[in-house]
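Here the chain labels run A, B, C, D, E and F in written order, and each chain numbers its own residues starting at 1.
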Amino acid sequence: MDTALDIVTIGETMLRLSPPPGVRITQANEFDVHVGGAESNVAAVASQLGCQTGWISKLPASPLGRRITTALQSYDVELDIIWDHDDDGRVGTYYFEPGGKPRGDTVQYDRAGSSVTTLTTAEISLEMIKSASICYVSGITPALSETLQTTVETVLQIAQSAGTKTAFDLNYRSKLWNTTMAKNAYQSLLPDVDILIGAERDVNTCLDRSADPESIVRDLASTFNLETVILTRGKNGVVALSNDTVFEQPVYDAKTIDAVGTGDAFVGGFLTQKLNDGHNGTTCSSIEHALATGAATAALKRTIKGDIAAITPAEVAAVRDTDTTEGISR
Amino acid sequence: MDTALDIVTIGETMLRLSPPPGVRITQANEFDVHVGGAESNVAAVASQLGCQTGWISKLPASPLGRRITTALQSYDVELDIIWDHDDDGRVGTYYFEPGGKPRGDTVQYDRAGSSVTTLTTAEISLEMIKSASICYVSGITPALSETLQTTVETVLQIAQSAGTKTAFDLNYRSKLWNTTMAKNAYQSLLPDVDILIGAERDVNTCLDRSADPESIVRDLASTFNLETVILTRGKNGVVALSNDTVFEQPVYDAKTIDAVGTGDAFVGGFLTQKLNDGHNGTTCSSIEHALATGAATAALKRTIKGDIAAITPAEVAAVRDTDTTEGISR
Amino acid sequence: MDTALDIVTIGETMLRLSPPPGVRITQANEFDVHVGGAESNVAAVASQLGCQTGWISKLPASPLGRRITTALQSYDVELDIIWDHDDDGRVGTYYFEPGGKPRGDTVQYDRAGSSVTTLTTAEISLEMIKSASICYVSGITPALSETLQTTVETVLQIAQSAGTKTAFDLNYRSKLWNTTMAKNAYQSLLPDVDILIGAERDVNTCLDRSADPESIVRDLASTFNLETVILTRGKNGVVALSNDTVFEQPVYDAKTIDAVGTGDAFVGGFLTQKLNDGHNGTTCSSIEHALATGAATAALKRTIKGDIAAITPAEVAAVRDTDTTEGISR
Amino acid sequence: MDTALDIVTIGETMLRLSPPPGVRITQANEFDVHVGGAESNVAAVASQLGCQTGWISKLPASPLGRRITTALQSYDVELDIIWDHDDDGRVGTYYFEPGGKPRGDTVQYDRAGSSVTTLTTAEISLEMIKSASICYVSGITPALSETLQTTVETVLQIAQSAGTKTAFDLNYRSKLWNTTMAKNAYQSLLPDVDILIGAERDVNTCLDRSADPESIVRDLASTFNLETVILTRGKNGVVALSNDTVFEQPVYDAKTIDAVGTGDAFVGGFLTQKLNDGHNGTTCSSIEHALATGAATAALKRTIKGDIAAITPAEVAAVRDTDTTEGISR
Amino acid sequence: MDTALDIVTIGETMLRLSPPPGVRITQANEFDVHVGGAESNVAAVASQLGCQTGWISKLPASPLGRRITTALQSYDVELDIIWDHDDDGRVGTYYFEPGGKPRGDTVQYDRAGSSVTTLTTAEISLEMIKSASICYVSGITPALSETLQTTVETVLQIAQSAGTKTAFDLNYRSKLWNTTMAKNAYQSLLPDVDILIGAERDVNTCLDRSADPESIVRDLASTFNLETVILTRGKNGVVALSNDTVFEQPVYDAKTIDAVGTGDAFVGGFLTQKLNDGHNGTTCSSIEHALATGAATAALKRTIKGDIAAITPAEVAAVRDTDTTEGISR
Amino acid sequence: MDTALDIVTIGETMLRLSPPPGVRITQANEFDVHVGGAESNVAAVASQLGCQTGWISKLPASPLGRRITTALQSYDVELDIIWDHDDDGRVGTYYFEPGGKPRGDTVQYDRAGSSVTTLTTAEISLEMIKSASICYVSGITPALSETLQTTVETVLQIAQSAGTKTAFDLNYRSKLWNTTMAKNAYQSLLPDVDILIGAERDVNTCLDRSADPESIVRDLASTFNLETVILTRGKNGVVALSNDTVFEQPVYDAKTIDAVGTGDAFVGGFLTQKLNDGHNGTTCSSIEHALATGAATAALKRTIKGDIAAITPAEVAAVRDTDTTEGISR
């Protein structure tokens, strides 16, 4: 790795196993295999949209660990892997059962004690972080272990000190910790964050903000001195504040085949476009462009199986810039 | 089998072979294999919801016969199988072709002369029936052969005499007999029935009732001296009469992947909840609870491939007791 | 081939390779294999609906060429294949990626230089054409090569001279030629056409007609001296003119699994019914029947994977003549 | 059907359902679908090798019946199907479970009462039989019902009277009848047979011949006045007598993926080559060529899934005429 | 559970995930799902061969836990499951990659901290153990945790005191502990064992015996006061000692599709036959019959995918009592 | 690309489509998708064994082009792709039909006019070539077009001038050119080659050498001034000459699942080990080590589906350094 990355990420990537639609895990005779994690999803999406991206993690030196690197390399994500040679090293695993009304999709984690939970700052390439334009982490990573919470805190500080913008997505996971623990962690991390992404529900629950969207983003920005705050509101789209201006971005209509990773696709699209526009010395309006890019990427993700949106810049632009086509192009 | 069962059932279970969605039987290169029959569907559903259930039938002593017992045992249904060692013994088979507007789902039966058609009362364990709380049969069973018609009649009489409640679902099948034959059979069976379930269309066609739902259930209850009458009305939900009170239960919204077995899932859920409440000395309002449980189970069934709803009590309760969740729980 | 065919067709049939729904070509590990081409789709559909049909083409003498004849023979289409023994002979191939809003279905062609592009009139069985009732070609065939453009022109002239009705579907393909080229070709072919089918968009773009549908069909009929003109208008159904009378046919509602070949199914259904009615000396109203048959066949096609509608006359009649059934017939 | 066929066949074709290798029927969640029957296997193989072939049978007018015609048409076999519109009409079905030492392959029939069992001479096209060069039936057909036994007898007589050579393969099936019944049937059929094919074991058991191969074929030829007798001896190859001369043909080595239909492939290859050579006024040595062709076709069959050998004349010639190639041709 | 079981077992059952043959885990896009564990494999095999069998274990109250009970119930194994409601509860998982020379099959465990590792004697149904004829445990169970080592020790003592024969298979797993730990555990368990099964290699490594087979079994029997000792020697078959007599049993030839569970199939077959013969008051020679039954069951297992041999008594008898058939039975 | 590569390669990589074993292309309903080309196979194998490797090529800017880069990136091969934006740009495709005695595996190419055939020296990164340790090309590349023949010639010259060792594998393909054309090309390329790999058959046919192996390698080395010559002799292993010493390397026994890419795996293993040893200043004996490494890699390849051996250094070492293990490691 000799070039400075556009976006560096750090976190856990899991093996995802899922039965076919309509088949319960209790009856399943085969599982589809995918690979996913908030940070690597963002890195893979941004890489396809033209960024140089990296992912830092710890994996067991095993076929399952290599299953994950195989997948991420295929998206041309630069990897800094600490290989765990301990016999107890393991990859986090989750079982995804696609539902459908009145059953929702369900997720069954088997991730406790995965190799990444012991990852320390000392093990990773700080140069990769310091030289990057943006350093992205999700709120899942500090939830995985105290060690990782410390690591994330240190990484964000180092990044910010080095002039790398820091981006953080709350991503509260009730199966990993409770809201009190999350709140404490978020509050010690947010001072080192430049760009905050948070689902309205997580902001309500873990950051105790429950006003109208615009008030929330203004409040968060001023409390934590954030450059950019993005409040994601499900079907109601996104409300964002950047440099004191508030923006709204509706969602693009999509036929959902697989909703996992939609938020990460949004972040990957948003950050890429933000960087692109920044490169061209854009004004405030570039945020609108970046939000639309994120929303378009997220809509495309929903049509694609697996955690990672396999897409092209042209496809994203087509959703963002034009009306959706009916029919088949031929 | 040493314990008294909650629900004992008797009938035919078939092999179901189906091409993938969008593929016609005439072009199919592979068939999915499922196992289904009204009575065993009810038994399997009720077993998962906490009942001790049993299924009585006759099967050829062949891999295909054992394919069926393998499936039902996996749901912990107690089996009383009369093994047919005759070379001509066979399992009923049906080919299910999932359609979609304007093609409906279609069913192609190849069930004539299956082993169960020769099942007599002398062959089966009457103790299992007499000691059970409920004995359930569908109207498909007497339609399969004259022998079975006699068997069902005798079984219902024996059950009722022994204090076992009898439950009967009309389940008229035009591919097995005509309405006149069905009407005659129903009329000789209904005097031995306590709980009647019938689709509005079948009640119209085979029992010559075509008034408003409430009048129909009142009329049927008084004519045949029924404890409970449940009129299932498709998308319009269910109208039930129990102890002179009429109840209505709407359907829960569901994204249908496989509609086969929806009615059986309703019956399984209804009977289980009825028994549970009965155990606690519940009042009339328990019928409402049982109807809601049946409707919730039926809605879940629609999201699951195969004839049998693979579900848990908690999943049924979640549909019944709460608003359906959007999003993924993780 | 000793009997006169009802419908003879001439054109290219391709191998279609498609990843499973939700999987991108860039990630795909398996492709479904189908076989499709406008003309053979029409022939296969009409054959199943009771016509004697034929397809004339040129294919490499290779397993891939035989993959195509295997498929078409299975629909009992009479074949007149010129086998290309040249090492460079190839089958046209296309990769179909099913999408879903906001991604549309996409088609990636790899068809340049396929064996059929060198097909000349001298190579084919003119007797098959002259003795047929209808000769059908789509506008894709002349777009494939100059040789084929000449061949199509000659074939239509020979057919018309021999009393064979000629049917032509514009089927403009922007990936094969541009509107100017298409316009020139269409204008030299249309004088030899009796029955014209055209999508409204293609008529706008390539025949420069953009009035209201009725005016367009009247204008086209008089300009090119056409017996029948059918303007297909997507969700808005079809407007047709036959013997100076204008007809409208709405689309039948359908749950789309695979939209490819919908237009060809319409043509196959329409032409078959037109011929059937003609056999019985029907009057003008038979066109209404034929249009409804075409629309019903097209609706069924949408529920079936692959380019060819695998259907029966009874299924088409059920859609055309009755209300669509809810539920399962059993 | 206007042309005289080279080979006409009459018999039952079944649906074959088989679990994947290593999976038991009792556990199977999907079955591969194939189509097979001794006579149609022969017709399909011979068709691919260049003969005009036909198959006469009776099938239910159902998707399953059409599944069979779809398959046979794909091999360009001319069909004369009597469509059974009786609700009880059915296709014969068999479940094939591939084994492997010490389990053998096993076959589970579900074929009793299939539509073909009621096929009478009055229903079929005698012209098709009389005009053919060879009429082939296997010993399975008369074993299916008394009606079919009569039909086969009549057909063979009519064929022979019309100058059509008759070919008969004993194909004794212990699951259909016993050796006494078979012996009686064979003895009334053999006077009308010109070409007899029989496995050594069947000849031993049902025709009471147990001498050395040469004596057996001589004995059978003289007893039943046969033009050609072929004794198939498994791994020991084939011993044949034609016009008083005895020939031996060893088997070609093959890696077996699916042994079903090996014998039929032999017959298809043998009869085709016999006819071809006959067309050229060949001498006795042509039998050797035909036997080698049959053996090569049989060896290829073993490498192909399903009952029917999907092959080309060139592939058969390559096995027959040259040493088997190691490596990949590219 | 009201009846005394023939064989009760206690141990861990895992989810097994495996890529298709020829595909590496690092590239796999789908995994086949099977369920396996030494003790439940034995119970499932013996159940199919006619024993009443049970399996005691602890599983997470999750879909993955229920995936395991679904599988075992399908074989009619009586279950005594302690459901672990702890969020950290998990099923053991292993990834099986089928190889082929020069790669062997490989196994990647992810089983640390599975729910069963906390199973104590206090949690289980001692009545089930005391009333059984045989109590079987493998040496894998004590290797999983100290808690389980204590549990196994107590269970074997209780069983033996209650007159239940105890059977123990060394099953040394180098990925779970080292030879010193195993040796210590084995030595404290063996005094409570009646029937010992051990691979020659494990006996060498962990019990320090390396003489000729006969000496080894005699030495073990006298040292540990064992009723029966069975030394399994891979391709060299089995040497057993029972009541001072030594027996040899060669392996039956088999085409291996999946070798996992071969040893457990042997044990299941052996114990079942031993019990059956015991029921009939057999003499010493019954051991020979039991060994042959075990070897036949083991050979069949090799032809079947998954850890559990899906078989019938008749299939086992066919291998044991007759020469293997060539060809297809039909 | 900022680091000097160990091995840079240049050539075509194709999409490979293959039906399942036992299914003919003419009947196939699905194709497995793999990606393969001699040069990228070598690069992917060497990358996994620890080299920094690169692949230079030209691909259409399409999903199919990206399908290829996705695959190669997953093996961490550095790519220098010239994206062809021409509408006629295409990927080479080949259909691989796995056979089995007496059918061999067959390959059907559809590669004419693929984008890479227009690749010129001007388009590629010469720096990547000049800075590499080894530049590898196969004889397939110059066979694809005259343009490529010139490009390869120039590249080899530039490489050699820059001190990059050049490696060339004859890889004669009769479906691409004839022996005369190949001979001429080889003779103009060989003066620029340092390491020659050639199959004995290709050396016989295209380089007119037919003596004993040792004489051949000596003759070739002296004629073309080669540092290393490796003659691959199928089952007879390899004979190599390096610095005037001759070595022999037998093949390792392997159960072949997919033989495609075996030779490339050998080259990848050989070159990697050669480089590794070179790094440590090894003596002549390192060639023996490299040959054994190549042979071990080749043996492993045969057990893996697809053109590329997915392997680890440890797996290769295990085959090379130890006896193959029987049984399962667990």
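Assorted remarks:
Just so we're on the same page, a residue touches a chain if its C-beta (ideal position, glycine included) is under 8 Å from a C-beta of that chain, and two chains touch if they have at least 3 such contacts.
For each chain, UniProt lists the protein as follows: A, B, C, D, E, F = 2-keto-3-deoxygluconate kinase.
Owing to the predicted nature of the structure, the values given are computational and were not obtained by experimental measurement.
Using the contact threshold fixed earlier, the set of chains in contact with both chain B and chain F is A, C, D, E.
Centres computed as Cα averages put chain E at a distance of 47 Å from chain F. If each chain is reduced to the centroid of its CA atoms, chain A and chain E end up 45 Å from each other. We define each chain's centre as the mean of its Cα atoms; on that basis chain C and chain D are separated by 39 Å. Counting partners per residue, chain F has 24, 26-27, 29, 66, 70, 74, 106, 175 as the residues that reach two or more other chains.
Looking at which chains touch one another, you get A-B, A-C, A-E, A-F, B-C, B-D, B-E, C-D, C-F, D-E, D-F, E-F. Put simply, chain E touches chain A in their complex at residues 17, 24-33, 62-64, 66-67, 70, 87-88, 90-91, 93, 95, 97, 106, 108, 110, 112-113, 175.
For chain F in complex with chain E, the residues that touch the partner chain are 74, 252-255, 257-258, 296, 299-300, 303-306, 310-311, 315, 319, 324-330. Listing the residues of chain E that touch chain F in their complex gives 21-24, 26-27, 94, 99-107, 109, 173-175, 234, 259-260.
Interface residues of chain A facing chain F in the complex, by the touch rule stated above, are 2-3, 66, 70-71, 73-76, 312.
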